[in-house]
Amino acid sequence: MRHQGIPRVVSKWLIAPILLFALYVQFHGDFGPGGGFQAGVIFAAAVVLYALIFGLQAAKQIVKPRIVETLVALGVLLYAGTGLVSLFLGYNFLDYTALDPDNAPHGQHLGIFLVELGVGITVAAVMIAIFFSFAGRRRLR
Amino acid sequence: MISVGLFNYWACMILMMIGLYTAIARPNLVKKLIGLSIFQVSVFLLYISMGKVSGGTAPILGEGIDTYSNPLPHVLILTAIVVGIATLSLGLALVVRIGEAYDTIEEDEIIERDVVND
Amino acid sequence: MIDMHLPILLIVVPLVSAPLCVLLRQKTLVWAFASLVCVASLGIASMLLIRVLEEGVISYAIGGWIAPWGIEYRVDTINAFVLLLVSIIAAVLMFFALPSVADEISGKQHYLFYTAYLLCFTGLMGIAITGDAFNVFVFLEISSLSSYTLIALGRDRRALTASYQYLIMGTLGATFIVIGIGLMYMMTGTLNMFDLSERLPAMFETRTAMVAFAFLTVGMLIKLAMFPMHMWLPNAYCYAPSLVTAFLAATATKVSIYVFLRFTFTVWGAEFVFEKLKLDAFLIPLSLIGIYVASLSAIYQTNIKRLLAYSSVAQIGYMMLGIGFVSITGLTGGIVHLFNHALMKAALFLSVGCAVLRLGSSDLADWKGLGRRMPVTMAAFVLAGLSLIGVPLTVGFVSKWYLILAALEKGWWPIALLALLSSLLAVIYVWRVVEVAYFQKADDDSNVKEAPLMMQISMWVLTGATLYFGIQTDLTVNVAQRAAGLLLGVTP
Amino acid sequence: MSEVHPALILLAGGLLLFCLPTTPRRIVSVILPVFGFLNLLTIADGTLWHITWGGYELTVLRADRLSMLFGYLFHLAAFIGAIYALHLKDRLQIGTGLIYAGSAVGAVFAGDLITLFIFWELLAITSVFLVWARGGERALRSGMRYLVMHISSGLLLLLGAVFYYLNTKSLAFDHIGLDKGHHYLIFLSFGIKCAFPLLHNWLIDAYPESTPVGTVFLSAFTTKAAIYALARGFAGEDLLIYIGTIMTIFPIFYAAIENDMRRVLSYSMINQIGFMVVGIGIGGALGINGAVSHAFNDVIFKGLLFMSMGAVLFSSGRINASDLGGLYKSMPWTCACCIIGAASISAIPLFNAFISKSMVMQGVADSGAVTIWLVLLFASAGVLHHAGVKIPFFSFFAHDAGIRCREAPLNMRIAMTISAILCIVIGSYPPLLYNLLPHPVDYVPYTTTHVVLQLQLVFFAVLAFVALMLTSEIDVSLKTRTQRITVGVLLLIGHHPPELPGVNLDSDWIYRRALPRGIRAVVRTGGLIVDRFFAGAKALIQKLIAAIRAQHNNRGLFGRSWLSQSNVLIAIIFLAIYLIYYF
């Protein structure tokens, strides 16, 4: 699609708002529908769109597969790490009260925020990784 | 109200049957996976239906709302959806590799090719 | 303080380590790290078992949400035993892993292999430790997905189809389980197993209960490869990398059997399952047919891994037979066999793995004269094979003893007789391998070295264990008896 | 009637027997042990009798729990032996038999080394007559060798006693230990009587040469008195553990290749004594209790086995495995008793050796000697193999040797039955024996582990025996003893020894070659119908196997890879069946 003008232009216009929307969904998860899963997928959709329009190679140059892989791991680590922090602070695993013992709701809020961030990163990275690995394959006869 | 309630379950059953039928009747590996996915989706529907509290709304605190739907099935199904996606993508990845290795993704042909090789 | 958190650490440590493996990337480093994690888990699991034996049930609320609202990890004798088993196997196999994985998996994929291995391990441990029904499903899928991946890493292209078939069947089974759990939740509004067991009896008369149980049972039977829903197993075990075969054969089906025990006995209760629904009327005949059909199939296999895989199906028949007796002795036999079979099958698959490393093949025809070419490996194979047959002074005898005792206790001597006769089939299929390895001359005279020491350590630790626990039956039998008593609600 | 030295009744009574005519002699011979036993009951625990002899104070009677136990045991053995000997007309055997028993009783009650020495020698002298009673050149010669060994044992004891006295100014027979060089003299003396390795030849040599009655007596006293002496003097000596272990192990190879049934039993006896010696070597309450109780039981079950083999010899006139077989038809009673004896020696649960051998094993296990424990375990399996299975199998079953003889005389059967009942009663109700033991017993034999372990051994031995029987086709001609041993070792690992040597292969031939030939001839003459029947049956079986094969091989229904759709279908059908069933 490299030579199709309209999709190129439209996607250039769209990609940035998509990314922004992903972030909105991610952080608005506290107050309304939303959260890491959805945000991650939306974020990945932006990258997928870019790859569709500008080619897989171009996309891989921007979002390096190696980095994607690392992000998958880091997201999970962020999630589990948040739980471990409360463990080290003497609370049960994933008991976010630990993050702010004086103000339990705030602690919970912070904990869920971090966990959702981890989820968002992982989902986005996984989605991109899945797209990369499928898109790179040759066509069957 | 009752018929609407039951409609969910009917849809769930029909989807389940479509899914299983596809998984059984289609030798094409991708179609099988799609069938399996449909089957799983029917189960998601089952869960979500049971979380519905009539007259309830989304379980987010708001002014003047006192009936909420049960959020737990949604949470469970969110997990199940993720698992479903993971299974589907893993399955498709396998199909891609099988396709590359056998030059076909029809299961009967694949088994035949293996038997010939034996 | 750390004491309190043992249950969660058991899950979190391997879970966190899996992504760390991705970050580490370097082959040997990842291996060393994964080994460390497995050994640490083994330590935690043994501490847990000791504590459970001393203090009774340990409960852990995730996130501080008390059961039945939150997810509860609940450790009692039964799952402490299973946890120990899984972590022992995982830890011992790590010795084997270094040379074997280097041989069978391409270097670029090593870190991913260990990631999947640790995830699979996490999943299996999670299934065993959790007290939440839905959580079982989640961990089941974690372990299943990673095991599909692991199987697909096999060198043969048939590994891919095997993995695919396993995926289809595994997903089907897991989804059945989810339906069952969903219906249970519908009836009771709780997912906590303990809570379920208290609330379900009120629902026993409803059809929903029966349907829920039917879905649950079939789902679990698929997962544990009960005859006739076992057909995903032989290929999956046959074409997977050696290490994976050994690991899955020793743990995956065993954990599934644990799930079966947990749901039928703890959640639903033996009374409902066996007196009202008469599940034993299915279990016992199916187990027996399974034992015979699978053993006969094993006899006619030309690939040793496939032969052993069929034998696994037959051995699962023995375990389910013991469970089907619904008596302390029967359950003891089933649980002891669960442990014992894990040891001997792992030992057998490891010795096959050693041979595969040197010969590059697990075809029976290529094993000619192996008794002379790789005497140490074959010796382990023979010893573990004796255990499979159930020769006295090996673990196999201990479990068969209890199974037959249980059958006779009920006065079902034909079943006892059939179970005994079936050992003859095991003699035949083990003998086929022995005959080829010891009494036929190798086609070529090329020298074959013994497997590396690292692999032999794993192999001999497990083989030694089959002998040790065959003589020292105290530990296994006592724990199994306590577990059986717990399941049946009787304090022995 | 109190205050009579326990040994005196049997000694004097035995002498009396020589003077009595047949019928009174028979009556008295049975009553004497009973009398002795009653007298024994009147003697209180802790009684000491001293006499002065040439300036030395000798303790002719020391009754404590250890010696009392052996006292009871020897009276019991004498009683059973006397019944077993009732049919005899000659006075030599029963007379010397009871005097022999009396000397054994005297030896265990001896409180000092001199008294011990006296009875020690008396044991040797009286017992040799039992060997000679068989008559013939062989018995005479082996009796001589036997006597020489035992006299030297006595002399060593005397020498040791003198050294001991010079060093300690005491003759008291208490714990001696091995801390001084000359103590080894006494040790060696006991060792000879105990049939320590390399000092054991007399036992194998003489016991099988004795009369049926003689062997029964011999098996009960000499070695057990030696066990008592060891337990008294050398308890807890580590050396004994190793000696005992060797004693348990080497005889099983010999026993496996031996043809003479009573010789097999003699080897098995050394093996059993080995267990006792190990128990003594372990020392402590558990070890001593184990050793002593095993000695007690051994007298009963080994006596029973010797009695049954004696009965076989008495009735059929043969004793070689290769000559025997199928006797269960003629001698069902003896056969049953023999099987009980075999079960006992195999330490099957509910039989007496189980409760004592497992004590020894436990003692070893507690002491942490893993290797020893494993060796003993292997030896136990060996015992099972040769004594537990081989003895009854070859004499009463196996191939029918065509012997049609009369059942053993009534008195023999009674004696055997008493022993057999004792085996079971003690085995089933251990406190009966445990209450007599020198140390308080808090040991429970019937735990799951012990029972399962023991049963595993049993099955293992039976399995080995069957497997070896099936593969014992190799024809070996064994000339020398060394050859035999080597082959025996090899055979025990690989194949069962054909019952040696020429004779056996002859009879082997009967069922290996002649029988099939005969059958074939019958079939041929019987006409085509039978032939066709066999052919049909064969074809049927072949078809069946082919069908199984077709279904189970790689291409077959159960062996091939299925399409995943069939898997799914089966699962769903299964679910449907469940649902319909529950509906």
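First chain written, first letter: the chains are A, B, C and D, and each begins at residue 1.
Please note the rule applied: contacts are C-beta pairs under 8 Å (C-beta built on N, C-alpha and C of every residue); 3 or more make two chains touch, one makes a residue touch a chain.
In this text, all values refer to a predicted model and were calculated from it rather than measured experimentally.
Engineer: Tell me the chain pair with the top count of C-beta pairs in contact.
Structural biologist: C-D
Engineer: From the C-alpha centre of chain C to that of chain D, how far is it in Å?
Structural biologist: 45
Engineer: From the C-alpha centre of chain A to that of chain B, how far is it in Å?
Structural biologist: Chain centroid spacing, chain A to chain B, equals 23 Å.
Engineer: Could you put a whole-Å number on the gap between the CA centroids of chain A and chain D?
Structural biologist: 79
Engineer: I'd like to verify one number: the distance from the centre of chain B to the centre of chain D, where each centre is the average of its C-alpha atoms, in whole angstrom.
Structural biologist: Roughly 72 Å separates the two chain centres.
Engineer: Send over the residues of chain B in touch with two or more other chains.
Structural biologist: 23, 32, 107, 111, 114
Engineer: Check each residue of chain C and list the ones that touch at least two other chains.
Structural biologist: 158, 161, 164, 168, 172
Engineer: Quick check: what residues of chain A touch more than one other chain, meaning two or more?
Structural biologist: Counting only residues that touch two or more other chains, chain A contributes none.
Engineer: Report the topology of the inter-chain touch graph, choosing from line, ring, star, complete and other.
Structural biologist: other
Engineer: Hey, which chains are touching each other here?
Structural biologist: A-B, A-C, B-C, B-D, C-D
Engineer: Okay, in this complex, where on chain B does chain D touch?
Structural biologist: Residue positions touching the partner: 20, 23-27, 32, 107-108, 111, 114-115, 118.
Engineer: Quick one: which bits of chain C touch chain A in the complex? Just the residue numbers, please.
Structural biologist: For this pair, the touching residues of chain C are 1, 5, 8-9, 12, 15-16, 18-20, 22-23, 60-64.
Engineer: Considering only the defined contacts, which chain D positions touch chain B in the complex?
Structural biologist: It comes out as residues 554-555, 560-561, 563-565, 568-569, 572.
Engineer: Report the residues of chain A in contact with chain B in the complex, numbered from low to high.
Structural biologist: Interface residues on chain A, with respect to chain B: 31-33, 37, 130, 133-134, 137-138, 140-141.
Engineer: Show which residues of chain D lie in contact with chain C when the two form their complex.
Structural biologist: Where chain D meets chain C, its residues are 377, 448-449, 452-453, 455-460, 463, 548-549, 551-554, 556, 558-559, 561-562, 564, 566-568, 570-571, 574-575, 578-579, 581-583.
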